[in-house]
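Which chain is which? They are A, B and C, in the order written, and residues in each are numbered from 1.
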Amino acid sequence: MTRTGSSRRDFLKYTAATGLAAGGALSGRLPAALAAAGGTVTLADIGVGDPDGDWSRFTNATGWKVNLVAIGNAPSTVLNVLVAGGGARVYDIANIVGGMQKPLVENDLIEPIDTSRMPNWAKNSYIQQFLAQGKPGFEFIGYEGKVYGVPTVLQGDSFAYLPDVTGPLDSYAALFDPKWKGYVALEDNFTTTGQKTALYMKQAGLASIKDPADMTPAEIKTVVDFLIEKKRAGQFRVIWSSFEQAVNLLVNKEVYVLDAWEPMVFAAQRKGVDAAYANPKEGFLLWAMAAYIPKNPQRPKERLDVTYRLLDFMLGGWYGAKIALLRGYMTNPQAPAYAKAHPQEFTADEAKKVADIDANVKRKFEKGGTWQNRWPTHVETYESEWARFKAAR
Amino acid sequence: MRRFVPGRRALLLLPVAFVVVFLIAPLALTVAVSLWQRAGFWVKPALSLAAYEQFVSGARLAVLGRSLQAAAVATAIGLSIAYPIAYALARHLSAAATRTVLLLFTIPFLVNYIIRTFAWTWLLGRTGPVNSLVVGTGLADQPLDWLLFSDFAVYVGLVTSYMPLMVFPLWISLSGIEQRLVEASWLLGAGPWRTFWRVTVPLSIPGVFAAVVFGFVGSFGESAVPIILGGVGYQLMGNAITSALDVLNYPIAAAMSTAVVAVMLLFLACWYLAFDLRTFLGKILRWRF
Amino acid sequence: MKARPAARAAMLTGIGLVLAFLYLPLVPPVLFGAGGYAGIRQNPILVDAVRNSLLLAALTALVTPPLALLGAMAVRELRVPRLVLLVLLLPLFVPGVSMGLATAVFLKLLGVTPSLRTILLVHVMWTLPFAFLVVLAAMATFDPVYLEAAYVLGAPRLRAFLDVELPLIRPGLLGAASLSAIVSLNETIRTSLVQGPLNTVQTYIWTTYLQVGLSPSLHALMSLLIGLTLALVAVLLVGKGRRGRVVTG
């Protein structure tokens, strides 16, 4: 019975290992990186604000490390992580697409921002120009007169297309043009897609919609009825829900007209596809990312100070240039100049790229359009009507 | 005959206690929330069926039906592939071959399932290799659109995700069937086919049960496959719940979760009624004094 | 009983075709991963995430099967097998996002801060029914008459279990362990709600997939995983073959 004996030894070893491993894990000693207390600021981020893990400049200046936790950008993820997941106690900053102040403040989850603690705030002409109190963009960072978010990224959205196939396009009408039937994809997002469709319907005289950014339940229903009619006619190939998916729709020429974010076009171009981003006559959909400070009464004063220093760092030239370069979004006005002035950190090519992105997005903001509304008055109707669109056959 | 070692019963109850404390308690909370009312952005205790009414009357009920159908079809396909494989492994192939095959079945799972699922969009797309082959060999004049963003693609995704999991319990229970019983059946004059259906299949019911649970529950709760491979707006229950959470509609999300759990319990109850537990638990339950 | 060579070849061909189908989606990661290998080590988030995921998979594989075994024994020995079965299958029946959210709220009420512990808790909960069913399927084929025989011969309970039952259900336990590791390695949605300050490979991939696109490093990491495990399988096979020859020769 040697087999039995050896398997018993195996089992005992196994049991002992279980006990040890479980004990180790539960005492919280195992992974060194987990000892997050003291000297680490934790940043929850949707992936856009990750400078490829390089926080050395911040660490050298403050002695503090940055632990970046990747989280999703869907309102459900953000809210669940903060409301339910104990995220407020863990995260010092949540860097997500802005405009979420209403649910976050109403649930007492974020703190107002003391802008005077960040020297780079006053240097940021984009904030003064587009996001200050009284400007429409304030909706992305403020609530009831107070600032809650630090704008780390600014952008204007329209749609992408393959000019070789479609020729130049300059209206959201292309998304619904029967000419591209079966070769169109929309984003699975009731606020952005709903708003773009409403913008088109209003301008094309298909429906009377007072404010495409904040529709009444009846207006939403009109928009969704229109979308369902198009869906049944086979207008859409798919509704995408991720960056990767959208890029591949362009790269594989699965669709010709794509409701998209501009960096997707850059990604497709890098893969050798001649894709273009439209400059629609209806205007762009403007938005900004906001870094919020989750409310945590137990956060030590020192860590809050460092948190503000990190926010200030994220408004600075190096970080701005790096993120613009990596992600293709406009960041802050110091970025192009910083990249140009530091050839040892950014090559001339990279500096030019940062400057181009900056100029391109600034042009969109100057042309204008409407601001995206992530939390419209009747957001629940948006959601349930969108569920109706998705379920329709 | 039955000797009780002190603490033994407590030890046996440990897994049950674990589930009761860390799942049933939170779940009770969920059921409670499904009956609560929304108050501003949060919920307040109440005894209201509003969330259920909203669920049953809206488009979300169709999602439940679709989920049940998708899970049932994916499970049936999975079982029809996994059972013969498990049977061949348990009965006809050498131990070394069996080990290798079982190992080969687990390796794809080491690759992140998002990346794995997403790979199909490239393989099955209009300009992907499958369609190039189809058009290149003249099987069709133009790319087949139904290969991707369709029910077909969803089934490909679900079956490849859950069928391999079904092989394991089937193999375990098939390989545990005593050969004597099969031989006895032959000796009594039953043909191989009859022996298979009358002896082997009933004795493998524990494995079939586990396989069906893995396949059905896995597919039913799947939330990545539908949004990656499904057609315009294809969603299963998981997606519908996430969507409701997007606007902080906790009662309806809780109501949908409760409905899903209720449906599953209903299936389990049907199983209990339809099958004698002894056929499932096999020799385990013979241990009664 | 072994099948005739022709039948055996047909079976292996069939299994080969199914396996080919399963391996098809592994081709693109290998294709797109080229050039991404260097990037893996330069990405500190990814390095940490890999460590966290492997640690979680290992811990889950160690913790879950013993719990599953106890559960299966409870089915056998307690007077309410149906109830035990129901309770231990329950984690499978709860939709992922609801399970994650309910656990997260509950832990918050208890004042537990998210950490590796909370992720492990969720992974053990989620893998328990898988492991439990596999152990149960293995135990269902074991005849307790053998245990009775051991008792009659005077063996203490633990000894009878270790010497008689355990060797027979060992494939079930090992299957449960590997299944637990696999399921843990693939868990995303439940983890994301209790992840706290940690990234796992799954949550990191999911976020980048959604928001910024998968980098070649991620594809490279996956190809590396496939390559390493396939190499391991090959080594095991060759090793077994050699040993086999030595024994027979």
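Please note the rule applied: a contact is a pair of C-beta atoms (placed from the backbone, for glycine too) under 8 Å apart; a residue touches a chain by one contact, two chains touch by 3 or more.
Here the structure is a predicted model, which is why all the values come from computation and not from measurement.
Chains that count as touching both chain A and chain C, per the definition above, are B. Chain centres were defined as the mean of their Cα atoms; on that basis the chain farthest from chain B turns out to be A.
Chains joined by the most contact pairs: B-C.
Averaging C-alpha coordinates per chain places the centre of chain A 33 Å away from that of chain B. A separation of 15 Å divides the Cα centre of chain B from that of chain C. Contact of a single residue of chain A with at least two other chains is seen at positions 76, 80, 241-242, 244. Along chain B, residues 118, 122, 242, 245 each make contact with two or more other chains. Residue positions of chain C touching 2 or more other chains, listed in rising order: 97, 101, 105, 206, 209, 214.
By the touch criterion given at the top, residues 1, 3-4, 7-8, 10-11, 14-15, 17-18, 21-22, 25-26, 28, 30-31, 33-34, 36, 42, 46-48, 50, 52-53, 67-73, 76-77, 80-81, 84-87, 89-91, 241-244, 247, 263-264, 267, 327 of chain A touch chain C in their complex. Against chain B, in their complex, chain C makes its touches with residues 1-3, 7-8, 11-12, 14-15, 18-19, 21-29, 67-68, 70-78, 81-82, 84, 86-99, 101-103, 105-106, 121, 124-125, 128-130, 132-134, 136-144, 148, 151, 157, 171-172, 175, 178-179, 182, 185-186, 188-189, 201-202, 205-206, 209, 214, 218-219, 222, 225-226, 229-230, 233, 236-237, 240, 244. Across the complex, chain A is touched by residues 42-45, 48, 51-52, 55, 58-59, 62-63, 66, 97, 100-101, 104-105, 107-108, 112-117, 120, 162-163, 166-167, 170, 192-199, 203-204, 206-214 of chain C. Per the touch definition, chain A reaches chain B in the complex via residues 74-76, 79-80, 103, 106-107, 182, 188, 231, 236-239, 241-242, 244-245, 248, 252-254, 379-380, 382-384, 386-392.
Taken together, the chain B residues at the contact with chain C in this complex read 1, 3, 5, 8-9, 11-16, 18-20, 22-27, 29-30, 81, 84-85, 88-89, 91-94, 96-97, 100-101, 103-120, 122-123, 160, 164-165, 168-169, 172-173, 175-177, 179, 206-207, 209-210, 213-214, 217, 221, 223-224, 237-238, 241-242, 245, 253-254, 256-257, 260-261, 264-265, 268, 272, 277, 280-287.
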